[in-house]
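Here the chain labels run A, B and C in written order, and each chain numbers its own residues starting at 1.
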């Protein structure tokens, strides 16, 4: 991409992008730490995740302010306009992902004193790692303007949904087996749901990246993998 | 480039080439301009947008070395046909210039001049009516009605430009050409003229050349981007400003080194 | 680099300021020199010429005896015309002697010399009066008669007792008597209207010479120039500036017009002589030919100034007119020309003023001739402006050639008259420009 005639304009746009990358890095870390704190029953780590969300929120605020400033001063059009719009939506998505990570960390604090549901921690962690990988890829796609990679990430949300479906059924089974598991399973289920929502938000980001590069939102309906809305029983 | 053919275009240019001596200023421009629409021509200085605009009412005829080939149809009639008298053409295609250029005469005479030379009024009462109607359309009546006999050059810049617009619409044109009409005006006067252009759209086909992309974005429905004498891109204004197809358009409107 | 205090001036700045001050001083010096030259010119011309606007007259009562002036006794003009100015001279002499005696003045001068105190023009004045009014014969009429040039010069300080003693045309006694007559109120100095209205006079009588014919001739020529040069010049300029295609031919024409403005005026005289007099056989010395020659000479000036003022009209006005559908001609005549008019008028008046002061070409076409008859604007024989005439600058040239010192004064007086005319014309030009100049 050619540079602007006004170099200060380029510097402004670069500065905003840097903030987004920094924010994305923090969010990635929050996802992994939340999953790890659950697996390790590490309440200190969970507390750090909860505290770290404040930094993520502050970054989103800063990105919003910077974007508003660029809109007011530079009146961006075309690709620049899309870049600013994309940044705003990506920052909002990242902030929500951060919130979900915080929520996971909160529930970890509660789960520490509860019985362990076999395999669920590792499954959640796999889910979280997958989401984190998708987030990493979508950032690469964003930085490189790589539509193919963004489309690939968008398709991968299906896998997250599958994993969530499996966990959902698993939790149902555990709860039916032993009603004392219900509290634990409900918490774990919310955590799984959080990760599943993260996947949806990453998909949104992928769509933003496609819009940023092509100027058009992808029309083709993305594969919906969350079938739990239709589940009637654990069988 | 997207297919720009439309139903019943007001102006239809086909393969227009303009030469200044040996210099080719316009290279094979094809464009169709709709009625009751504001069409903006944008592009860097020297890209030929003003030259092309001046082809539309044959103002280029006044330049000896200027030669126009190709076809420009207005309502299906070739305006470069030997049978066309530019004087009649210019009554149908009014023009407003970059610098407000009222005649150094009274406000009334400025507006009445066109109708007088074209014989549009049979008597003084009709002429008065045309003058009032034109000044009202140009949103200048309230400011000017008590000083119709005062010189037009005594008005402020923005008022002068609206007087020029009133003068142009007094000959009952169907098309209004505007060559950077706000470049000499302050932001308030610019806003007033832009508001006026938006109203004029209901009665005329307006073609405006502008250096201000924001202005093109604000007032026009269609935008044509010229570069080095060629029409690079012509599309709906919101399309041009959110998602232009040609990288040259992209670079120009986003202020990049192209 | 850090800057020093702004309160101190560095050497470089000082040098720059000094050179600017020097340049201003040179400019001022040049203006002072020019003003001095102008002052010297005006002082010299006014010093010698102002007195031409005053003239010494003797108020004398002249008896007009029938025996001498009308031998027929029936006021038959044919008979009366046989009495020449020499015949009248003796009557005037008697009148003068009677006036001297009536004033009770003693003089050693002979009656003949007392009569010579009057100008030679005086007898013609009386004769013309008598022929025009035959009924006065036999009565006594009081006339204001011109005194001769030397005595006139004495009252204006040009002739002194010492110079009179060496001059065969006058004598100290004559001047003394003139002084006594002046003291008695018989001889007095009055404003000289005749200088502006009378025709030229012969070498012998500068006191009678006037500019009447020259002013009339110049006026006729100016009319010819105005009527021909203005429309032709303006039409040519409009065509060249607004309509003509810009190509090699119009470039050639343009360069040639500029060159014509620089052609020495005498060349136009030769051209006029060849074309108007030798080829077209128009009357020599006539204001018509003079006017035609001056028209040729003025045309380039008018064309250049008209084109300049047309060029100075901003193209936006033309665009505006064309933009509302005016034709090329309408845009020129409705908008451009009215705006250019002050400039065109100024250029024309300056061209006229230049023509008014032009001498050389007129000499060649014979306008230097001695003309005593007022030229008629139109006569069936000579046609329009066809009668022989002279012109103001030529009259100046003519008078400076004459021997009698009285003509030096007349020539300077004529220069003052010419300068006043030029001043008036330039004032009109400035007035028109101020009045019609419009801003846009």
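By definition in this document, a residue touches a chain if its C-beta (ideal position, glycine included) is under 8 Å from a C-beta of that chain, and two chains touch if they have at least 3 such contacts.
None of these values were measured; they are calculated from a predicted model.
Engineer: With centres defined by CA atoms only, which chain is the most remote from subunit A?
Structural biologist: C
Engineer: Going by the contact definition above, tell me which chain pair has the most C-beta pairs touching.
Structural biologist: More C-beta pairs are in contact between B-C than between any other chains.
Engineer: Name the chain with the Cα centroid closest to the overall protein Cα centroid.
Structural biologist: B
Engineer: I'd like the Å distance between the centres of subunit A and subunit B, where a centre is the mean of that chain's Cα atoms.
Structural biologist: Comparing mean C-alpha positions, subunit B is 52 Å from subunit A.
Engineer: How many angstrom between the C-alpha centroids of subunit C and subunit A?
Structural biologist: One centre to the other, that is 104 Å.
Engineer: Report the inter-centroid distance (CA atoms only) between subunit B and subunit C in whole Å.
Structural biologist: Whole-Å distance between the two chain centres: 59.
Engineer: Can you list every residue of subunit B that touches 2 or more other chains, as numbers and ranges?
Structural biologist: none
Engineer: Can you list the subunit B residues touching subunit A in their complex?
Structural biologist: Touch residues, subunit B against subunit A: 213-214, 217, 241-244, 249-251, 253-258.
Engineer: Which bits of subunit B are touching subunit C when the two form their complex?
Structural biologist: Residue list for subunit B touching subunit C: 57, 59, 62, 64, 87-91, 94-97, 99, 101-104, 113-114, 117-118, 153, 164, 167-168, 170-171.
Engineer: Can you tell me which positions in subunit A touch subunit B when the two form their complex?
Structural biologist: Interface residues on subunit A, with respect to subunit B: 1-6, 9, 75-82, 215-216.
Engineer: Within the complex, which stretch of subunit C touches subunit B?
Structural biologist: The contact residues of subunit C facing subunit B are 245-247, 314, 316-328, 330, 334-335, 339, 438-440.
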